[in-house]
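A, B, C and D label the chains in the order they appear, each numbered from 1.
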């Protein structure tokens, strides 16, 4: 069985997914949609697929699944439309910036028995997956502490910052998902501090560029997340998990493996500095996991529920940073 | 000029300092005091010094400086007595577990123009000192974020836990001092979470064994400290500082530099697992710095004020963990 | 301009090249040839190309270039045939196991102005290429010493050993090419020692499984190559170059970037254990370089002359190991 | 029992040994001898020992052992004199630059049942000792290949080069000893290449500054040694041993453990750049091993026989470099 895909939105992340679909055995790219004709044409030319309107894709018999790469404020609507149309849906995070809207969307997904995967690509990074497998294999015993260092090479454009929902909803949301995944328990308490250290303009836009967050579960497990919008040495993405019998950690990705030594010491390359090069393998593996779940009829590996939980943590972090109090979460 | 020392208290840490004094040029060990005759005799025999009562040392003409290694609850009294006796004082941290008592002691120090150094040995670790020097040399620009990972190989005996003032006053206090030192600004806000994950008995004793703390300064700089009483792989002591133009970090100390490779992969030694082996060089450098400050008439490198500030942070962390709110600090 | 390829030989390495051609922009796979119908069909099915006889490919108007992946003893003949047919040729090393036959083949290549690239894939490995670029950029000054560690995870099948021309012609030949490339001068003297340490059967077959070789150029630069047919920890491929102002080295490729720490110490993954996974990027880059040279009319990056020189070094090493004397080489 | 020492020669290496004796429990420094009064006085003042003539030490009742740190051409004579005087002898390598003279000296040692240890300090380096212990514990199975990288930060003064017997007798001799120790078998064949690459003046003095050597034992085990007189990045001292089930290696010693990261990449400190700082622990452990052997009546850990064997390898290497042939050794 081959899964026939349409990609909605041919921007940067749409192109990443188009390439991933092309590379995954068992998947084929049938159509692409984008209001910008040039963007759609570029994808269509490169992968030999059709250009169609979104409405046409909704009724396309030769499309089994869609990948939603459109602007965030369209995600929830499109998930609902395509669930109703009986298509499987892969949606870039977040489902929406508003928790209430996400809950509504989840109801539609449930009502239509929709198959929806939310794109938390990092879970599919080969190193992070190996780290998780080591934990699941019991190699560090019970998990106690998760430490996530997550720093971008540089801040996004100002207009993105204003639309993104802020650092916690835009950037930390990936780390919240990873923390939940590795803690293996829901988070009960969130403490966060935010600062503006790299660019005062970010404060004017009402956001932070530097943040630290402590998460705590009911059983007392903790996770700590440290974020910055600026790391001159590249895209810093590290995870470390302490357990009762050991620790497992995932190292960064440098641009190459050569080392220079001279009178000033030893020198190695900076980190990969772009999420697309750093997570190339993760994007491919994530689409492959989606295809495999559809083929095998197994549950989606990351769900709209995961999207909701990560968003709740983001909101709690923002509240904590603003109120200087821990925010307690309840789980229904 | 040679500084003639007496060591008060010949227990584990007293022996460390006796050895350090013996090794430092310009210092000589003249006397040791300990209510346990065997302990005093062991030190006296090894380094060829006298055994004297504390009261006798107070009036010994051939003693210029004392190193206070007695139980914590005697520190403040001894500092005051030896300041009044006109001796230079090196005192193991903490000055006292009670902030009010420390403040009182500071008044006596000030009134007597006492020369008192508090033993925050980690500042004198060659790697941490090199890290600080790199920051001071401007190699990472303005400091933004400090990350301190500090984990003990195993918990201390239960009776020590009950006397120690708890994890924040006993263990994190070193990290608080390092954070202040590296941030270069006083901390305005403390958030902390504590858990008991390694041994339920520690909860019964009213302490935590696992904690994460976020510190924030007035200008928005942040530090994050992650502590555990148990790290199976050894004494985990790492520092990482992010600045505007780069990051500097200090790696751990493994037991040796050999690496095994076999069909299961690559294997290296665990970390040094004891503070005395890990910080041997730091203890020697700390005494040398004390001797140098006395000789040169320069200010003490770490003062009772530093001791007070670190203790205030410990109290704030405990309050934050208990109240689930950030604790705001004021600095007079 | 698109380069249209035929792959001759659909075995393991033929499949590697078919995949590389598929992935390289500007290249298309038109046909595959293999006496084993199943092998040819597998490639044809996967990449949507024709199956043709070699003779048909010789006269195919829609084939611009061939990739020769047939058994070694057919390489020289096929190079000559396809040069005469006016096709560009990419040939897996070696051109032949016999130096005289290679020289003959070179004459035909010259007479037909043939465009022939010999597959020394390692020069195209991104790390080795970065190492070479650092040298060319003058970052270590004049090259003095090259150290190549090259160990296979395990020995090939016995029948391959008997056909391969022995460890120097089969395995070390890659290292000889890298040494020439990095020394930047022809080698004047070869000293070699061979042993059988992993499997006595290899001695019965007249080969070595362990070897060390010293190369020396006219100006006194040296290279040292250390080979083994068995490295339990994976495919060990390291290069280190000492120059007058520094050293540059290329590290190994582990299977992942996670690290475990426990009471026994720190543990990381074994190396990638197969040349196809280790050199995936190199195979792609090598075909891309071939395509680029054809497109731009620039010289082939690795030539039959390089193939000849590496083979001469292999013969010299064998002679040295047998006679226990350095073998002097002359260069016309 | 305390071993009472006299140090003969108060130069650089004599001072190293005086400090080591001072630090080793069970050893005391009684006397020092040096024709340069200032040098002798400096040691006497620092460690509180007597200054005596060599002849007086020969008959000193309060001296149990001597450490010979005088010029090389006096070593053999002094060994003989002090063996006859019934003193235990620790002698810096080499015993003599001439193999015949060494053999003669060995006869006197044997005839007097002298206890003589030759200072191959590297065997006592904690990392190299741990590497050897791993091999002895069977962790890599049977040893197959030893790789020794040994590079000095810079060449010694010209007049030292002329007196030292050349690179093989002066510098590689340490590596020859390590190779014998790790191979666990005597070497049957030596191949060597020497070059002058760092300073043409060294060629005028009849020496090499760059060399590679292959050693081979009767059973086919091999060792490879790579030497240079110049490594801008510090004192490069690495060992790697390949065995049938794995590999064990010893890493270099950097000046500290901090790492900088910035837009240009990751940067760490150069290596320790002096044999005395790099091998501080080895010098202390070596004297401790000598003292322990005397105390326990166990065999000397490194003997004049080891000194002879290393010197024979040095001579063979020089012959091989000059004749461009392997040199075969016989072992009586």
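A few comments on the model shown:
Everything that follows uses one rule, which is that a residue touches a chain if its C-beta (ideal position, glycine included) is under 8 Å from a C-beta of that chain, and two chains touch if they have at least 3 such contacts.
Just so it is clear, the structure is predicted and the values come from calculations on it, not from any experiment.
Between B-C and the choices C-D, B-D or A-D, the pair with more than half the same contact pairs by residue number is A-D. Looking at which of A-C and A-B shares more C-beta pairs in contact, the answer is the pair A-B. Separating the CA-averaged centres of subunit A and subunit D is a span of 57 Å.
A separation of 41 Å divides the Cα centre of subunit A from that of subunit B. Looking at subunit B, residues 232-233, 245-247, 261-263, 269 sit in touch with two or more other chains.
Contact residues of subunit A toward subunit D in the complex are 232-233, 254, 261-270. Residue ranges of subunit C in contact with subunit A, taken from their complex: 126-127, 130-131, 134, 139-140, 245-253, 256-263, 269. Residues 142, 144-145, 147, 149, 151, 189, 191-193, 195-198, 210, 212, 214, 216, 220-222, 224, 226, 228, 230-233, 236, 242, 244-247, 324-326, 328 of subunit A are the ones touching subunit B in the complex.
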